[in-house]
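Below you'll find a set of structures to go through.
Each of the two complexes below includes subunit A, the first together with subunit B, the second together with subunit C.
Let's turn to the complex of A and B:
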């Protein structure tokens, strides 16, 4: 499972920066394999969510139009110290990943 | 099709943020959920995508800031940051106009997160990057040209 992801959470005067990097090939299904010339099957993250204390604050749909190993930066407000931030994703092959972080 | 989606979004807003809506008048819900995609990602050009979003009549806004490089030497990794200063922003869509499938990603915001996104996208060739924003029930957009030296969509 390509479940490796990094989540960094930083509280700056009440605005919480959330930075995420997910290890994922993000194949859009259009790219040919250089050896065989056949197209590499699509494999990309199509859903991404951020939850604060298990409440969804951001939901997103994405495509293979995002770069390989996608990076995300978001800014949360109305978040207190020790709140739990959960970042989760799932892809078009049914794989998924999730990581928790606690606000400092 | 568009009507269905709009109706759905409105139901959502009323369902999850009705009380808040009544108090503040801001059309941003506390928690968010994904409405149906209605094939918007299958759109092959900007017009098809805008139609699927119901955003054909989006007006240009100076309150949407797009940060992107003027020249991207590598189209497979173009950093794009979008900030909306429109009050009541609930939705941002990222569109790379000349990509085979222009709609790259879309984000639904609750009131607990700033209408801001920073990410990296693929671009097939030189084109405008367009951000479509929904705020207070209306669509707005801004765009910015990125010159791409080597395309990053394959094919």
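Let's turn to the complex of A and C:
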């Protein structure tokens, strides 16, 4: 439930604007817990993928440097209406998530 | 001899007292606010800039100057076409929670809507006086009350769960103008108490809300890095996703942050004093449409 994500796709004159927001703590593993003083274990997204009709168009390898609840925004060309855009991510603890969106 | 000395002391007081009485360390000088006018009674003179989305667009050039940005009252953040922020995630989370608990304990929605399961537009009428419970209820207090009564859980005011549900309920009234009546009964009493609290000086810095949010005060001038803006129309976008905090902030949490910055001891969310202050603040947003979820 905590790893929800939201995708918004907008087609504007052949350029498809995709915006993604992922609910993720993005702990880099260096931050101490104020109560115990011990470091909070690292927990961050290390792979972020975009697929158009099950074909990879973007793979991003990220580290703990990204902020909490990361936001991705990018533009795609050569995408037709009713194409399926899949956004998926996986983190260093083995958790993952993916959402589909259809180009309008 | 004693009597003569007493007279002498009193006479001295008579000379000194008028000078002391000029500065009141307990209250800030009052301004006339007409609760019937609602948001149109804005005393800062900036209402024309953020009256509606078209006015915000028209005065877009104002925000380019950082010292004039306060005139927009933050409303320029509401008209961004592609607003996409974690506030939307919180709305989804709240919707999920409400549907989940309605599924497990039928009657949760009916309790939230005080009888009806149609939750659209209820947020615009809060805070209101509940005759059954005999107290002024805010939306967050309603969520807490229903969770206790129907679910046998405690979604405490100020907790993330309560904030998410409150934001979801508020998002169902998106675009509807706030309509609360403070002209009679317990609501008027709460309004008057809230007005007193607005001008009440507290804390080590001896600040009142009015010290930063009335004409002739710090409002419109720099207070460290910020320029305080008018209190009118502010409630319409709360609970809001605060990017400096990184989470959804409810109005009572905002009051707590204010009190902390005034070096005063913050009260807990849901405190009767905060409820009174919320009634006063909401009456200052009367007639202004709700924007939820929002980002500030």
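Assume the second predicted complex is superposed on the first by the 102 of 104 C-alpha atoms of A that agree within 3 Å, B and C clash if a C-alpha of one lies under 4 Å from a C-alpha of the other, contacts with A are read in each partner's own complex, and residues count from 1 in each chain.
Here, contacts are C-beta pairs under 8 Å (C-beta built on N, C-alpha and C of every residue); 3 or more make two chains touch, one makes a residue touch a chain.
It should be emphasised that the depicted structure is a prediction, and the values quoted were computed from it without experimental measurement.
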Superposed partners subunit B and subunit C on subunit A - clash or fit: fit
First, second, both or neither for A:59, with subunit B first and subunit C second: first
Cα-centre angle that subunit B and subunit C span when viewed from subunit A, reported as a multiple of 10 degrees: 110
Which of subunit B and subunit C A:95 touches, first, second, both or neither: neither
Greater subunit A contact set [subunit C / subunit B]: B
Touched partner set for A:71, first subunit B, second subunit C, both or neither: both
Touching partner for A:6 - first (subunit B), second (subunit C), both, neither: second
Lowest C-alpha to C-alpha distance for subunit C against subunit B (Å): 7
Overlap of subunit C and subunit B interfaces on subunit A (superposed complexes): 68, 71, 73
Subunit C to subunit A touching residues, read off their complex: 82, 84-86, 88-89, 92-93, 96, 246
Interfacial residue positions of subunit A with respect to subunit B in the complex: 15, 28, 30-32, 39, 47, 50, 52, 55-68, 70-79
Subunit A residues touching subunit C - in the complex, by the definition given at the top: 1, 4, 6, 8, 10, 17, 19, 21, 23, 68-69, 71, 73
Subunit A-facing residues of subunit B, complex: 30-34, 37, 41, 76-78, 81, 96, 99-101, 103-114, 116-122, 152-155
